[in-house]
Amino acid sequence: MAGNSFGTLFKISTFGASHGAGIGVVIDGCPANIQLDIDYIQYQLNRRKPGQSAIVTQRKESDDFKILSGVFEGKTTGTPICLFIENTNHKPRDYEHIKDIYRPSHADFTYQAKYGFRDYRGGGRSSARETAARVAAGAIAQQILIQKGITITAYVSQVGGLKVKDSYQQLDLDQIEKTVVRCPDLQLAPQMIDYIKQVRKQGDTVGGVVDCVIKGCPSGLGEPVFDRLHAELGKAMLSINACKGFQYGSGFDGVDMLGSQHNDPMVAKGGVVRTTSNYSGGIQGGISNGMDIYFKTAFKPVATIMQAQQSVNYQGEAVVVEGRGRHDPCVVPRAVPIVETMAALVILDYWLMAKAYQS
Amino acid sequence: MAGNSFGTLFKISTFGASHGAGIGVVIDGCPANIQLDIDYIQYQLNRRKPGQSAIVTQRKESDDFKILSGVFEGKTTGTPICLFIENTNHKPRDYEHIKDIYRPSHADFTYQAKYGFRDYRGGGRSSARETAARVAAGAIAQQILIQKGITITAYVSQVGGLKVKDSYQQLDLDQIEKTVVRCPDLQLAPQMIDYIKQVRKQGDTVGGVVDCVIKGCPSGLGEPVFDRLHAELGKAMLSINACKGFQYGSGFDGVDMLGSQHNDPMVAKGGVVRTTSNYSGGIQGGISNGMDIYFKTAFKPVATIMQAQQSVNYQGEAVVVEGRGRHDPCVVPRAVPIVETMAALVILDYWLMAKAYQS
Amino acid sequence: MAGNSFGTLFKISTFGASHGAGIGVVIDGCPANIQLDIDYIQYQLNRRKPGQSAIVTQRKESDDFKILSGVFEGKTTGTPICLFIENTNHKPRDYEHIKDIYRPSHADFTYQAKYGFRDYRGGGRSSARETAARVAAGAIAQQILIQKGITITAYVSQVGGLKVKDSYQQLDLDQIEKTVVRCPDLQLAPQMIDYIKQVRKQGDTVGGVVDCVIKGCPSGLGEPVFDRLHAELGKAMLSINACKGFQYGSGFDGVDMLGSQHNDPMVAKGGVVRTTSNYSGGIQGGISNGMDIYFKTAFKPVATIMQAQQSVNYQGEAVVVEGRGRHDPCVVPRAVPIVETMAALVILDYWLMAKAYQS
Amino acid sequence: MAGNSFGTLFKISTFGASHGAGIGVVIDGCPANIQLDIDYIQYQLNRRKPGQSAIVTQRKESDDFKILSGVFEGKTTGTPICLFIENTNHKPRDYEHIKDIYRPSHADFTYQAKYGFRDYRGGGRSSARETAARVAAGAIAQQILIQKGITITAYVSQVGGLKVKDSYQQLDLDQIEKTVVRCPDLQLAPQMIDYIKQVRKQGDTVGGVVDCVIKGCPSGLGEPVFDRLHAELGKAMLSINACKGFQYGSGFDGVDMLGSQHNDPMVAKGGVVRTTSNYSGGIQGGISNGMDIYFKTAFKPVATIMQAQQSVNYQGEAVVVEGRGRHDPCVVPRAVPIVETMAALVILDYWLMAKAYQS
């Protein structure tokens, strides 16, 4: 297995690290004969890329991608699509000072423990830069889903203690891109932005929550008992850097509800079965029921801070680590397209799976 | 894929439903030459089985298992182990009344939507009875892990609004089995029990939270970037019936912490690197770091309630559904060994994986 | 992986050994809502079972199967189907004499080398008895394929030096079951039978070849570049006990043909593209082209002979091994349904795969 | 699945086609901390590349590769290694004449049937150019195996009707690279070369056989019952373009042997168990026994010939196709490193698998 592939029928494999030639992704199982919308891929990459606004890291990467294979005359051929993004940010930056030091709450120690050797430059493979490759692939999955009437929309619902109170139904999701923090609550968004700026000034970071809603998903997607739709969505989200939690439907709040409150009453109209509430989050028994699928993902504060921290080096000696240069005070604005990406990969994969089995 | 297998090197495949001949599991990849502790398997099955106390369903199933293959002279042969549990609870119980009805928040509708046909007796394959097969397999994984010094301990930390305030370090985990609710907070446990009884009297159900801690896990387990250790743990937990959320380490509470608070300072003693706090939850960059791994899983209230509910039948007509017979007012006491099981399957699988790659 | 599963979308996992409770198979991914023909499953099992004629082993096994799961009211539910065959041949047979001895060209030594421990009774898991479980599953795959107009027919084309000269097109495949050797060349069949009897009298064994032809397979099945249709067929066949070789289309005979002879000219009639010869064996570039798929599988002489042989025991001491009781002088008559089974599993799996991707 | 990955623990995924930017491979699961021998990778690529001698295609490709990821300071990091080979042979060559024509015994028709769309330039993804990516990956696997004392050596044993009579033990395998045909029988090699030249002059092609021997493989590799070592080797070989057959050990010749001749007597010397003959081909019950593993692979004549052939176009009209430019009269000299590659991928993958399970 080895961990760098995701999906069964629509399968992606990413490669590359924050330094070295670049990062890329191979998509195996993309249906043939699909006209690719290149602009949409770039649009999603731009939403993820550093330097896009005042509240994210100021590192500059153009994140332009090349198509190395799988596309002919603008259309997918059904053979593996390789997308590649060069690493252009090659200024002589000094990583020598952290070469043999473990940065707290980074993957430095664990990569060393696992592989016995690591590329210490910018976190190497453990860098969130890897997610750019995912987003490129996810943008292809998303455009295929859109053609099937399935839309996936993520947004920031919490930054630190600042939490959106409205549900996704009460919000106007068209407002997401109105602010750089990607929160559709336009009262709260400016406060979030101010707070992130303040945190940054302190050389600190803060966590947040990204919500996601999937509309138009047909009933019947999901492969119980282990590959339940929400289980795969959960794994997908938890595979994103800094993600610490996942819940769908009522989630942790459903715990202190009674069954009589939580059960979603069913009605039928014109042959279509629906529920009048949706605590189930669009999934019952691990299979989509045709209602909206919605979930939350928790992100911890980014580990790189501009403050002195206690740590150790390879020799087991106590050292003080201090971040240098730029840092990303809050990851959630850039995590929005990544959450959409991982959701799209799951839904398309399961959509193909359902197609295989349906009679 | 088809969804009924879990794991790569230590792989289980379950089969069977609440009715029919029985349920079973095939374990493929169990290391050879291991003396099996049969009693431990039965012990874990007994912790999961119905009828074990006054606060769980009173359905009677003995849950005795047979070994159909893979064990010779009491030891594993390295070939597939099949464990089978007969369905003995065959009293002439009437499922005719729900035959063509979708019970709210059950999988009736989604199974029908997916497969176009379903075994309506007791939920069929979507019944939590399937988890007995998992527990039998998990008990084998657990005993192998124990021999390696890795222990996995789950307990109930919340029932409805009744929530344990102490962390797992502050609790005495030896108290878990002291009460039928499997909550080691012996002040809170009786209140939980009373609350569950009261909920049951109302013909209602309530949710809860199961916490789990894994001790003794070596550093280096996890397969980034997609198969991060916590991502697989999350998927494992979310594959359990009624599970709605998963978080590890600081989880959703880490969201409003600052990086300077959340980062775990590192120290080394005698060549062993440790962190002085553990908001990371024992996993950094998707790889275990040798500290305790801990996580929370949220369970919704069970869907079967003894109250009238609005629903529809196959013909799209409005109907009123009412549960009959016995019901399980709160699933978390019985979920404890299931959470341990799924954790054990992940850890052993990743332990074998790490072994393959290490030099 | 661990080796005991085959297939991706229509996946089987077998368990059990020649001794112990029995053998079984779990099918994960069988389409739902299919009325099962139980008699056909038993028919195929009977074609494989011992004791069916004078030229195969006289061991008695009834090979009746039970359905443990996945079937309700005679139809598949889309959930895992477990089929189980009890081991009934439990006469107090003595395996003590080979307990710590490696029988030449059996798997005794290699199982011991791999697992460090083995069930020495009748070969344990390495016994060809495991293939009965496959045949039960394959009979389900075959009946699904038949409904799609795809038929799979295997027959014996060689026993020792006695080789059918006609191609499958020249033979009347309806004659296969006319003789116990399952060779449709009714001139040669009696000679084969006589030869096998003579070999048996000498306490010896002999090899053979099974040919197989798949008719009605649509074009477009196959997943290049690694999972070419013929590559998976080859693996499937080579996974059968005693199989030493596989070739399709022109096979090894195509080696000394010229391209100008070997290339299959193409014609179109009524929109259907066909080739006028078929050295390609119905597969080009790893994908079926709609023509007949045909291949050959070579089987070595069975290792169990009734003659004294030089070998060693666990202690590394020289010993003389001699077979006792009954033996199977030639495996190919019983291999016929096994070859059909493995072919059916591949074709159905790839058929489902093609369905997932096709637009 | 989608077909473009091979292996479980040491897994490769190839991408790219004969035209477009280039071809590449991602290796996931390469052990960390291995000093790569870049020259060896190039050496193997050179053995495969076109234009290397007078008896292969004269197309010019430099086949230089770039490392896009996974290597730091010359050593593997344990993260995905991407190797990329640019397509440099971009002369304005005209494929317009075959744009809507199916070339006989190519994959033109089947790709069109499967994907509904295809890159017609030079066969696109179905071109044997894809195997260059495999060879680059295989050269890494091979150098890891060499460090473990496992060597893999392939050679040409037959071209058309010209067949080496000696077994690999009787041949001097150091002579393989002495002739451009890679046949160690130095009497026969010049005849093969002459024959290939003559076939080329006629605008025709001819098939051949590549033999391979694996020395130093420890006992215990193989995952019965489906993933037997030889079954995976067979699949690996059959996944190579133009391969029509595979046999190991006695293969098809073992069919008319008696068990008493075919069984390999066992002896033990100094604790090491060996067989005095090796008809088993180093594998018993699907698991290596420590003896040499050897097998044969049959290759058909290449489909591209410089002669007029009858075919059809997309519109179903009869057309005459004639090859243009250069062609490869016999594929086997260039197939030698490809066979070695696929064998190395299997053996290393299974070696890692055995390591995971061994106690």
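First chain written, first letter: the chains are A, B, C and D, and each begins at residue 1.
The criterion applied here is as follows: contacts are C-beta pairs under 8 Å (C-beta built on N, C-alpha and C of every residue); 3 or more make two chains touch, one makes a residue touch a chain.
Since this is a predicted model, take the numbers as computed values, not measurements.
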Reference chain C; chain at largest CA-centroid distance: A
Interface with more contacting C-beta pairs, comparing A-D to B-D: A-D
Computed distance of Cα centres, chain D from chain B, in Å: 46
Distance between the centres, which are taken as Cα means, of chain B and chain A, whole angstrom: 26
Euclidean distance of C-alpha centroids - chain A vs chain D, Å: 39
Interface hub residues of chain B, defined as touching at least two other chains: 1-5, 8-9, 14, 29, 32-33, 78, 114, 116, 125, 353, 359
Overall pattern in which the protein chains touch one another (line/ring/star/complete/other): complete
Residue numbers on chain D that touch chain A, as the complex places them: 1-5, 8-11, 13-17, 20-24, 26, 28-29, 32-33, 66-70, 72, 75-82, 84, 114-119, 124-125
Residue numbers on chain B that touch chain A, as the complex places them: 1-6, 8, 14, 102, 104-107, 109-111, 113-114, 116, 125-126, 130, 158, 160-161, 199, 202, 204-209, 219-228, 230-232, 234-236, 238-239, 241, 244-252, 254-268, 271, 273, 275-276, 279-281, 283-290, 296, 298-305, 307, 309-312, 316-318, 353-354, 359
Residue numbers on chain B that touch chain D, as the complex places them: 8-9, 29, 31-33, 78, 352-353, 355-357, 359
